[in-house]
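What follows is a pair of complexes built around chain A, which joins chain B in one and chain C in the other.
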Partner chain A sequence: MSFAVRRLQKELSKIHKDGLPQGISLVKADDFDEWLLDIRVFGENPLYKGQRFRLKFKFGNNYPIEPPEVTFTTGLERQIPMHPHIYSNGIICLDLLSPSQGWSPVQNVESVCVSIQSMLASNRKNERPEGNDEFVARNTKSPKHINFVYDDPTV
Partner chain B sequence: MMSDEEYFSDGSDGTFQDDSMRFDDVEEEDQYLEDTRFDKPVKKAYEVDFKVHSDQQIRSGQQAQFEEISNILGLDIGQAALLLRHFKWQKEKLIEQYMDNPDSINKAVGIRPEAHEDTKITKVKDFVCDICCDDGDSMETFALPCGHRYCVECYRHYLTQKIKEEGESARIQCMGDKCTMAFDASDVQAVVDDDTFTRYKTLLDRTYVDDRESLRWCPAPNCIYAIECGVRQKQLNQVVPTVLCDCGYQFCFGCGLADHLPCPCSLVKKWLKKCEDDSETANWISAHTKECPICVSTIEKNGGCNHMTCRKCRHEFCWVCMGPWSEHGTSWYNCNRFEEKSGIDARDTQAKSRASLERYLHYYNRYANHEQSAKLDKELYTKTEKKMTQLQSTSGMSWIEVQYLDNASKVLQQCRQTLKWTYAFAFYLEKNNLTHIFEDNQKDLEMAVEQLSELFEKPVDQLANLKVEMMDKTAYVSSRRIMLLEDTAKGLAEDRWKFNVELV
Partner chain C sequence: MSQLPLSSQHIATNSSSQQQQQSSPPSSVRGATARQSPRASASSQTRPGVTVRVAPSSSSQSIHSTSAERSIQEPEEEERRCWICHGTSTEELEDPTINTHGEWKSPCKCALVAHEGCLLEWIADLQTSQHKTGKVTCPQCKTEIKMKQKDSVVLDIVNGAIKAADASIPVFILWLGSMVWIGCTVYGVNSVYLICGSEFANNLFLGQNATEFTDLNWSWRLAMGLPSIPIVLIGSRTRYMDAILPVIPFVFFVNSDPLHLTFPPSPALTLAVLPYIRGAYNSLWDRFLAPYEKEWLKVGLPAGSTSAQEAPAIQHRVEHNLDNVDIPDALQAEVEVERQWHGNVRVDNILINGTSLSRTIVGALLFPGVTAVMGSILGRIPFIRNRLPSAFHRNILGGCLFVLLKDLLRFYFTYKRAKQFRTRQVINYEKRKRASRSGRSSSSRAESEA
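Here is the complex of A and B:
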């Protein structure tokens, strides 16, 4: 049994036992390759009020030494949230998800969800990242290996 | 587990002594260059001082510096190593800044000098690893001085991933979230297996050589040596620092390419780029096309008659004489008007537009010719060995007595290499009085090389009688090469050459 599977099993049983923080719910975790979770943002932020967003986690064999690949996906009543660090194809620019920069093996699915939730909650800008259209049209790389420049700690 | 001191001392002999240490300071470098010029009057203008280091010496050189810093700042070896790497081996800067503000530097580098020993591997009661979520009292755990304790298995997984997959060595940090505490060599050794640790040390040596401007790995395949040379990147327009590795490979310390004397690195780069982009295209254009006499668009005649109509400006002309088609009168399709004035003018324009192309091809063809000869070097060398054996049996000469052939072959190869780059040099040279001297030197060398080459190709039965002539010629060729290189090197140092491009 691989390192990743063992760890994910433990995460899963913890989620089943203790539950997840408010606004985060597990949608699908049938295997240890890909999980789906929904998040909601509470409070008065008009950008996301009343909406649900779906996160897709893809785990490699080296999880949690390496970060999972985390993106937003669309689905029934699920849109990609408007955010200056979220591209319209669902790719998230967040230093926490970069293997060389913010990721620490101590992070887990829950803590990543909480970070993304708070990233949305604190945002007031109804806009996409600069160069969104071009990026979405051209990018073929896995989001983990894109060299984002994490230059904006405010949002 | 070994102590900090032990893992580095692998029986090496502590070189990197005083004179290599002098490279450390930028301010000292000029003084260093001048010193040696006076100390060693035999050094040629195109030669630079350098030193070859084995991997053992590279390692002991680092060790000596760790010990020095460790003594001065009262830190252990592993911490001194992290500091030196962080400061890219600039000792003075490190000591000065560390004296001023040790705390902020400790934080930036990720060390904690006050906490020494409570790190390392221990078993902790009721421990749960936050990474694999395993627990058990018998589980071995590890933590850096920051106290982020996880099981050894997870740390091993993490470090192996960093070292083997990501090629990290000098900047591996604690696994804790946002923790910048750094791994030193003894920490890594405590956790990973021998194979990974060997890889880690190799990577560290690599970053050491890469971090220091005065060191460069020999680029020859499988060569383990590194060269130390005091020539800086910013001096490369004044010197062409050519070094000879102990493995026999001669290369430029400035850019790592094979010996390209007398051409400075920046011109070499430009030239190679140009050749890559242009040479084949230019050859083809030269052979297959002409320009329209009016709008100078390049036209390929891919069939049909000589009555050309330029697609671009609609000018009608004759492909053969380049004159306007209207003047051909009734003698269509049969050009006999080559002497006509307008045709001559048209051909003049054509010639001018071709001049720069032809100029490039002139230099390129000669460059490529010498390069081709250089590629045959290996063949030439094996041939020489065969000839030397044959000569011994036919003439009764001893091995020592036939060494002149080997010598001639080596000189020949070297001169071809030099000649090749004189053409790139000449291509960028602006014409003035000084270029005449250069071109004369080039011509003399080229002539002498061809003569020696001719002697070299003679059948074996004649070679014995040619020994004296050949030795003379070899000596002469060598001296012509030195002459040319001396002149170009002095010219570069004195900023005497005028180039038709910017040296960047």
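Here is the complex of A and C:
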């Protein structure tokens, strides 16, 4: 059994036993390659009020040494949230998800969801990142290997 | 982008509520839980999603196998959970084969514990990733995680040597470069003195009326020109310099001298004209003498060894021969040889190329010396001494004569070699035996025995 599968089994059994924080729910975890989770944002933020967003986690064999690939996906009544660090193709610019910068094995699926939830909750700008259209049209790389510049401490 | 305090508060409340829910742990462990909880909640507030040293009862499998086992253990023994693989110490106690990650380690001041194997794998990944920072720190408390490894004298020596080599590369390049530069400059000065003679060379270097060597008139022209002399000399043996050579004298020598036509021409003018003379000589040679030389060189090479480029030429020649058109003697002879002999003489091309390269370089560098020798020989002849009073002009003339002589000699030898080759015959075995029998020398007997 691989390192990643054992760790994900632990995480899954913990989620089943203890549940997830408010606003986060597990949608699909049939295997240890890809999980789907829904998140909601509470509070008075008008941007995301009453909406659900779907996160897709892709785990490599080297999880949790390497970060999972986390993106927003569209689906039934699920849109990509408006955010200055979320591209319209669902790619999230977050240092936590970068293998070389913010990620460490101390993170897990739950903590990543919580971080993204809080990233949405604190946002007041109804906009896409700069150069979104060009990036969405051109990018063929896996989000993990894009060299984002993490320079915005306000979000 | 940084994490918000909001998220960590979120988790902190979550984990503390978990601990409240764990209502009735076995009595022997309760003390440990009570002692542990302030630490655990304190640590989980700093970073989201991390609950370390969870109370033992949280592991569902362990509930039934509790008291007997637990009472044997020390009372402080609490469950440990690896922050990397999430494996716990309780499950390892139940099934020792499950642990493949090594000993438990607590490398930092916070409550995180992990298997040594997991830590090493994580650290190796950190150190191979592009943005390595050198230090490995705990992701939670940022304490530096220290490792030790067995000292290896061999590895230390090799690493030290690699570091020293890396550090010394620029110094070495500088050293090598300056050596080459100094060597080239010295060579350049030497050849200027050889060719120009000491009087004119002194004028060149020290200025017209200088008497002391300290008056050295060191300008950029000398600094650039002198070291480039050997390079240009070697380059002049190739066809690459044909375009550059005629320009160089103007840059370095003629600049300040006005052109005036006298006999013998001024040194500057002589030097400026030389590249053109060289070009004219080369094209004349190529036009009238080189074709013969080429044909003669081919004699002695087997017909099969001609390269693909030359094949059509041979075809052409054979056709000529069939049509009985008048062709030069040399070509005629070549065709005859082709017809007579189809043997196999292998010529080691690589070896010849290698030696001819070094021959070219050495020949080019020796050229100024040879020129000076030729000049001094010419100086012995009274007629030339009268017409050309300065050593410089005699040297230049000597150099030109040497080139001409050398080329003519080579031309002659090529011709002789081709001629000699055409006289080759294969000796019959019978004839050879008779010759050796009549000779009866001990050496020939030894040869035949061998």
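Operating definition for what follows: the second predicted complex is superposed on the first by the 155 of 155 C-alpha atoms of A that agree within 3 Å, B and C clash if a C-alpha of one lies under 4 Å from a C-alpha of the other, contacts with A are read in each partner's own complex, and residues count from 1 in each chain.
Rule of thumb we're sticking to: contacts are C-beta pairs under 8 Å (C-beta built on N, C-alpha and C of every residue); 3 or more make two chains touch, one makes a residue touch a chain.
These figures come from a predicted structure and were not determined experimentally.
Q: Quick check on the chain A-based superposition: chain B and chain C, clash or fit?
A: On the superposed model, which is not a single observed complex, chain B and chain C clash.
Q: Which partner chains sit in contact with A:Ser122 here, chain B, chain C, both or neither? Use first/second/both/neither.
A: second
Q: Would you check which partner chain A:Glu110 touches, where first means chain B only, second means chain C only, and both and neither mean what they say?
A: A:Glu110 contacts chain C only, not chain B.
Q: In the overlaid three-chain picture, which partner chain does A:Asp95 touch, first (chain B) or second (chain C), both, or neither?
A: Only chain C is touched by A:Asp95; chain B is not.
Q: Between chain C and chain B, which one touches more residues of chain A when both complexes sit on the common chain A?
A: The larger set of chain A residues in touch belongs to C.
Q: Could you look at A:Thr71 and tell me whether it touches chain B, chain C, both or neither (first, second, both, neither)?
A: So A:Thr71 meets neither chain B nor chain C here.
Q: Taking the superposition on A as described, I'd like to know which of chain B and chain C A:Asp18 touches: first, second, both or neither.
A: In the superposition, A:Asp18 contacts chain C only.
Q: Now for A:Arg6: first (chain B), second (chain C), both, or neither, which partner does it touch?
A: both
Q: Given 20-28, 56-64 or 164-172, which part of chain C has C-alpha atoms clashing with chain B after the fit on chain A?
A: Only one listed stretch clashes with chain B, namely 164-172.
Q: Once the complexes are superposed, what residues of chain A are shared between the chain B interface and the chain C interface?
A: 3, 6-7, 10-11, 62, 64-66, 99-100, 104-107
Q: Help me check something: in the complex, which residues belonging to chain A touch chain C?
A: 3, 6-7, 10-11, 17-18, 21, 62, 64-66, 85, 93-96, 99-101, 104-108, 110-112, 114-115, 117-119, 121-122, 150, 152-153, 155
Q: Contact residues on chain A for chain B in the complex?
A: 3, 6-7, 10-11, 14, 62, 64-66, 99-100, 102, 104-107
Q: In the complex of these two chains, what residues of chain B are touching chain A?
A: Going through chain B, the ones touching chain A are 130-134, 148, 150, 154, 157-158, 161, 166, 175-179.
Q: Once bound in the complex, which stretches of chain C touch chain A?
A: 1-4, 6-7, 10-11, 14, 18, 47-50, 60, 83-87, 112, 118, 121-122, 125, 129-131, 139-140
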